[in-house]
Structures are given as structure tokens and as C-alpha cells.
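Structure record follows, encoded as C-alpha cells.
The chains carry the letters A, B, C and D, assigned in the order they are written, with residues numbered from 1 in each.
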């Protein structure tokens, strides 16, 4: 099945040799949708520490990145929203964890830039707010913009729906979110997927993330896919 | 008699014009979607990577991979499309979204907005709010006119940390509708049976009309 | 069929009210693949002049943008490569047309930035070359980068394979190229397509360009699809 | 006896390692693809928006919507994917392409490259060459050692307009293989039956070995 040798058999193997204390990890997902739940478990079990984790959110209590808070493996978070997590609040107020807020769109773009060889860009987002502190302001054609710098991670862990054996990826619905830009911004990108298909069985016009960005693939059979806010309507 | 929350949402829904692409914030702004007139075709954007938000699913239809920015389970529509977060915020930052309706803690006469942080309390984060107010063509704030302790949320100067500077175009409260023009707040519509005197007395900011 | 009123019946109607002398037009395609051949004809027939045209290439003689050279409607080109066009060379050497070279990736990114609200970004491309003349150089973490500014057009004309009635677009093979970034960078975007399908018939996970970027759609039945370099192999 | 063009392509093909993503320039570099060993799995990138370039099509298979950066008709492979130009150059600029092989007019001792413009003659444009040399991990130049008039293309300083500064890692000519290290050109391999004396006499740049 595997000529490319990108496919691994366990999450532990898929992360072997790429983990170290103090590293920067980009972790895909929005809320708990599209998060690499199984790779996160493997990082917990690896016991590496002093991590800087870039993720839009920090999971919820006892799920996703919340697990790495329990084990105190995270030294610093770069996020746009950490409101769903009591343990985060506790550790932050105790001074046990650092926090850098990046507006959601700026965070996505900083990683997209990191993957695209753009070290910095200008944006109106955050001008006149605390986000602008210690950042260069440039006036371009009469408007003030903030310079934001790219983010590059030592490792990206992401979650896709399907991969082919070359690492071409397809995501499903809103589980795509931060996964593609984070994949591109990691020096190494490890992806967990629900299904691996033969190369050639995905439509070449509809690859969401080409295999060039994917170093290692692990198929996981267990997905909890927690729902944060179950909202439903009644039938007509 | 001031507007009810339903009245406020209905009034806000009149700002959604046919063909608009809109982003509705968490809370009351999300509810505006329930009042869009049938003959008005609006496409709703969710910053986590979706255009064309449908109604909440039946329990049997719930799909954990389809959520809105408030992490609520939702459904898709025939015109829906999905994309990644960098693309989603390229739409926002690039001015392709016609209208955003958001909540607020304070709005100043200049249109400065504070809606993400109360120092001393735990900080949850700005999420996509700073991007929305900086990028979307028109920003409407939908909020109670006064805070629970009675203080005015329309202020001369915000003393809470800002979400954006000079970014608000219109404010809809339980007392009326206001526009920001040339760094002034102008009353353009009063809620039914609410007097100008009442509005002025309950507002810290200067109001012109 | 059309509730969104984005669909027009002729290329002339699809461009009515949006054309003016001296405007900036972004024109999709690479070589002559994925170019808006029919909208280009309509622009020729409109007789607007003094155009600044942004396009990776300038068509070939008597096809694509080459047609607007014949009628001398183009005042300035912003391109990365204009080598396939004798008439361009002639007009350039006579001083009849201005030319701004932008490296291909920088050109694509300047338009992507224009569409994404990023007024300027930094890149290594072109540092130490004539492309860097009169541009700001910034040293970021020990490396010199060039500041490149966004491009926004008054109008984008692009070519897609299929559109639904909401303007969601699908491109085909290498005919995608510059079309999506140019579509995003135009104040108005007019697209010509080979087929219009009902909204709901395209897969929501596989829309290449969401309808938010598309203002007007015209289905064209005539496609010449010229081939510049026909290269073939013999069977085994 | 200097290397033939086929020898040069074969030598260049040895630089394509298993698992590499490569971009091959127009002309002789494109031909290197014909010499990739069967057990080496390389994915070819085309800057107009494709990964996984296949061979030229049979006449009956020609598809005008599938071309490479040289505007030649090509085919796709099972692993192929298509994307837009901004994404294609994000791959290049972001350092995701392992190797690019390009032609040249001049290469200097510092690794400066000139390959896009001869002032006074009509200028065709740099296309994607400036992006490739600035972004790709390793840049190999494949060229004749001397120009048609006999002048050396390995020079002390380029006098033609540059494509990039200090960007070339390796040069393969009909006389041998050279690496640029610490702003010096080092001979690492001579073509069969070519002497060091011949190489030095036909080269303007200083050569160390």
C-alpha cells in the first residue's frame, strides 16, 4: 500500500524522533472540531514539557489540549480564545502558564504566512488595541496598519478526514478550519485521519492540502468528536 | 416602553439587505437570523470556515463536524461552502462581508468599541471580533442601552480595552437606533413610546438628533 | 433558475456599467489556459481605453489579451512574462505601452493580499535585483526582505469551469491558476463559465471559489482553448 | 571529452532523491525528468498550479487545460493535485520544494544568478524564476560551461541583471559539477577526460577544488 513511507502504524511511531522539550507545536481545530485528538493523547503520553502551543482554543476540560493542561506540559499558549477551559483560567491566574492573544484572523494569517515564506505582513486588525503594543505601525496610503510576524512551528499536528497514500488530504465540513494553514507552517507535519485511500482515488481537482505539506500519516479508528454546544430544532 | 429583545432583533434584521453576506456574532446577534424577511436573500458567514449557515439540526441530523463560531451545531444549505480559517478571515479582512452585527460592553462617540475584556476578571480572548470590526464593510452593535448596574454603554470614551478604534457604524439598543457620523452619535430612530429626554438621561455620550 | 440575479445573458450585459477608460483590470489565466476569452472580446468591443491590465501574460498574437494590443486599448501591463507576443514587443519598444514586471509568485501574492485586506507584505523574492528598486527593504531576523504592495483592481475578469447560480465556482486542472486570487482582488468580479448548474449540485466541501467573490456570471458556449505548445508522446 | 546534454541531464538526475518535490525549469532542466531512476520516487511541481507532472500525452489524450509552466501539454498522475497560483508560489516561497533545476546566463562566485534578461534585447520577463531561486531549498544550475562566443558563464561578478543574489548551490555544466560554498566555487566532479587545466582555462571565476 505504501510506497511513500509516510504512513505510520501508531500515533507514538508517527511522533517518534520529532518531539523535544520546549518545542513549538501548532495544533489544528476550532473549538473541539477538527482537533487531532489521538495525536494529542500521544503527546501527553510522551511527557515532553515546556511546550509553546499555537491553537485557536485550548480544548475543553479533560479533552483535546485540556489534557496537556492537566499534565502541565504547556508553558505558553498562542490563541484567540481560551474561554471554555476552567483549568486554563486557574493556571493562568496562578502564573503557571503564559498566554499570547492573537486575533483569530491574524493567528490564521500568521501561520499561512509562515508556510508561504512571508516573514511579516500588515493588517488593520488590532490597531489601537492592546494587540498593537510593541508592534510596528505603518501608514500606507493614509491608513494605519499593524505589522504582524509569521509563526513557524517545530511540529504541526492536524486532523483530516481522508488521506491518500501520497499524503493528499481532504477535510470535512467545518472540521477544516485551522488545519491547512497550521499544516503549512510546521517544519514537520503529522496528520491523523479517519480513512486512508489509495493514491488516485481522490479527485486531483479537489485536494484540500497537497501531500507536499504532509510528512507523516496515521489512521485512527477512535474518534470521540465531542460536541460543545448541542443545539437542535424541532421538526415542522 | 423600550424595545424587547425580539423588537431589537427585528429592527436589526431590517439592516440585512437582499444579496448581503453577513456575519452575526454570538448571543443576541445570532438570533437576528430568525427575523430575516422571506423575500430577502442573505448568506450568513461563520468565521470558522463556512458560508451559508442553515438552521439548527433536528436531533437526528446533528453532525459534530458542522458548527458555527459559537460552537453550536448547525446545518448546511444548498449554497453552502466550506473553507479554511485563513481563507475565512481573508474574506473578513478583505472587506467582502457586507455586514457584521455584534454585542458590546461600550461604544464611544468616535465609534470605538470595547467588547472582549474586563480587566481583573478572567480574560477569554477576542476570538474573531477584532478582525470583524476592522474588516467588515458595516458594523452594527446590538446591545442593551444600559449595563445591569444602570451605567450607560454609550460613552464619551471607552475605559475598557478596545476591540477596535472608530469601527462602529450603527448601534441598536432597547431605546432606539443610533448612527456614528463624524465622531458623533446621532439618534435616528426612537423605540416606541421612548422620549428623547429618557434617552439623553440614560446616556453618557452626547447624542445629536 | 436565478434568484440571486448574478446571471447575465451576454458578455456585453455582464460588463455593462462597470467599464470605464483608464481602469485597472485583472485578467485571469496562465499563458492562454483559463483565460476569459469571451469577456476579453467584449472588452475589445466596448472600446474602453488607457487600461492598466494585470495578467501573468499578455495572451498571444491575435488571441486573448493580444486582441487588446491590436486595438491599442492597453496603456500599461503588470505581468511576469510577456515573451509570447510579437505585437507587445513592438509596442513596448516604440514606447506605446508601459510595462511593470512583477515576479510570478509576487504577482499572485500581491493580488491575494489585495483580496485579503493586507496592504503590503515582505518577501525574499527579488532582493538584490531590479525588482527591488524603489522598494523598502526590511531586515527581519538577519535576512533582508522586500516590501511588496497589494494590487486591487476595478474589475476582475476570470474564467471558471462551472458555476452554480449562487456564484460558487469550480475550476478545471491547470486552468485554475491566477483566476481565484484575481477574482478576490477585483472590486467587481465577472466570471465566464462553461456550465451553470443548480445551487446545491456542487459539493459544499469542494467549492474552489465561494460565491461571495463573484458578482456576475455569464455562460459562454464558444471556447477556442488554443494550445501554445502541443507536445505529445508516442504510444508504447 | 566534455559531457553531452544527455550526460548532463543524467548527472543532474542523480540529485533527485527519493521523496523529493522538484521544480524543473524550461528547456534542458525539463529533460532531466526523463532520466530519474525507476526506484526514485520524485514529485514534479509546475508553478502554474500542479503537483505530479506526468509525461507528454498521446495525441488522442491532449487536454488543453493541462499544461506545464513551459505551456507544453502534459498529463496527470494518480498523485497529482491542482491549486491556484498564489498557493503554488506559497509552496515555492515557503521552502516546501526540495530542489529546483534551472538554466542560466551567468553564475558568480557568490552564487548570484542571472538568467532572465539581456539589456538592449527585448525583455520577456522573469516569470517564476526569481521566486524559485529565492524560495526553493536547493538550486541547481544546468548550463553549458561557455556561451556560444566562448565566454565563461561562471564569472567573478555577473554583469547581467540578477535573478537572485547568493542563491545558487550547485552548477552542472558540460565540464563538470561545481558547488558554491562560502562565496567560492568548488569543483567537485570533472566530466570524463576533462582536465582541471581545461576547466580553469575556460572559466573566468576562481575555481577551488
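Assorted remarks:
Just so we're on the same page, a residue touches a chain if its C-beta (ideal position, glycine included) is under 8 Å from a C-beta of that chain, and two chains touch if they have at least 3 such contacts.
Here the structure is a predicted model, which is why all the values come from computation and not from measurement.
Considering every other chain in turn, the ones in contact with both chain C and chain D prove to be A. The chain pair with the larger count of C-beta pairs in contact, out of A-B and A-D, is A-B. With centres set at the average Cα position, the gap from chain B to chain D is 54 Å. Distance between chain A and chain B, defined via averaged C-alpha coordinates, is recorded as 28 Å. Distance between chain A and chain C, defined via averaged C-alpha coordinates, is recorded as 33 Å. In terms of their C-alpha centroids, the spacing between chain A and chain D amounts to 35 Å. Residue positions of chain C with contacts to 2 or more other chains are 109, 112, 116-118, 123-124, 171-173, 176, 204-205, 208. Chain B has residues 76, 82-83, 89-90, 92-93, 134-135 in contact with two or more other chains.
If the chains shown are joined wherever they touch, the resulting network has some other arrangement, not a path, ring, star or complete graph. Partner chain C is touched in their complex by these residues of chain B: 19, 21, 41, 43, 45, 51-52, 76, 78-83, 89-97, 134-135. By the touch criterion given at the top, residues 30-34, 56, 79-84, 89, 92-93, 99, 101, 103-106, 108-109, 111-112, 123-131, 171-181, 208, 225-235 of chain C touch chain D in their complex. Remark: chain A residues 109, 113, 116-124, 138, 140-141, 143, 145, 149, 170-173, 203-206 touch chain C in the complex.
The touching residues of chain D, when paired with chain C in their complex, are 46-50, 55-59, 62-67, 70-74, 76, 82-86, 88-90, 92-93, 112, 122-131, 134-135, 161-166. Put simply, chain A touches chain D in their complex at residues 3-5, 112, 114-118, 164, 166, 168, 184, 198-200, 204-205, 207, 210-213.
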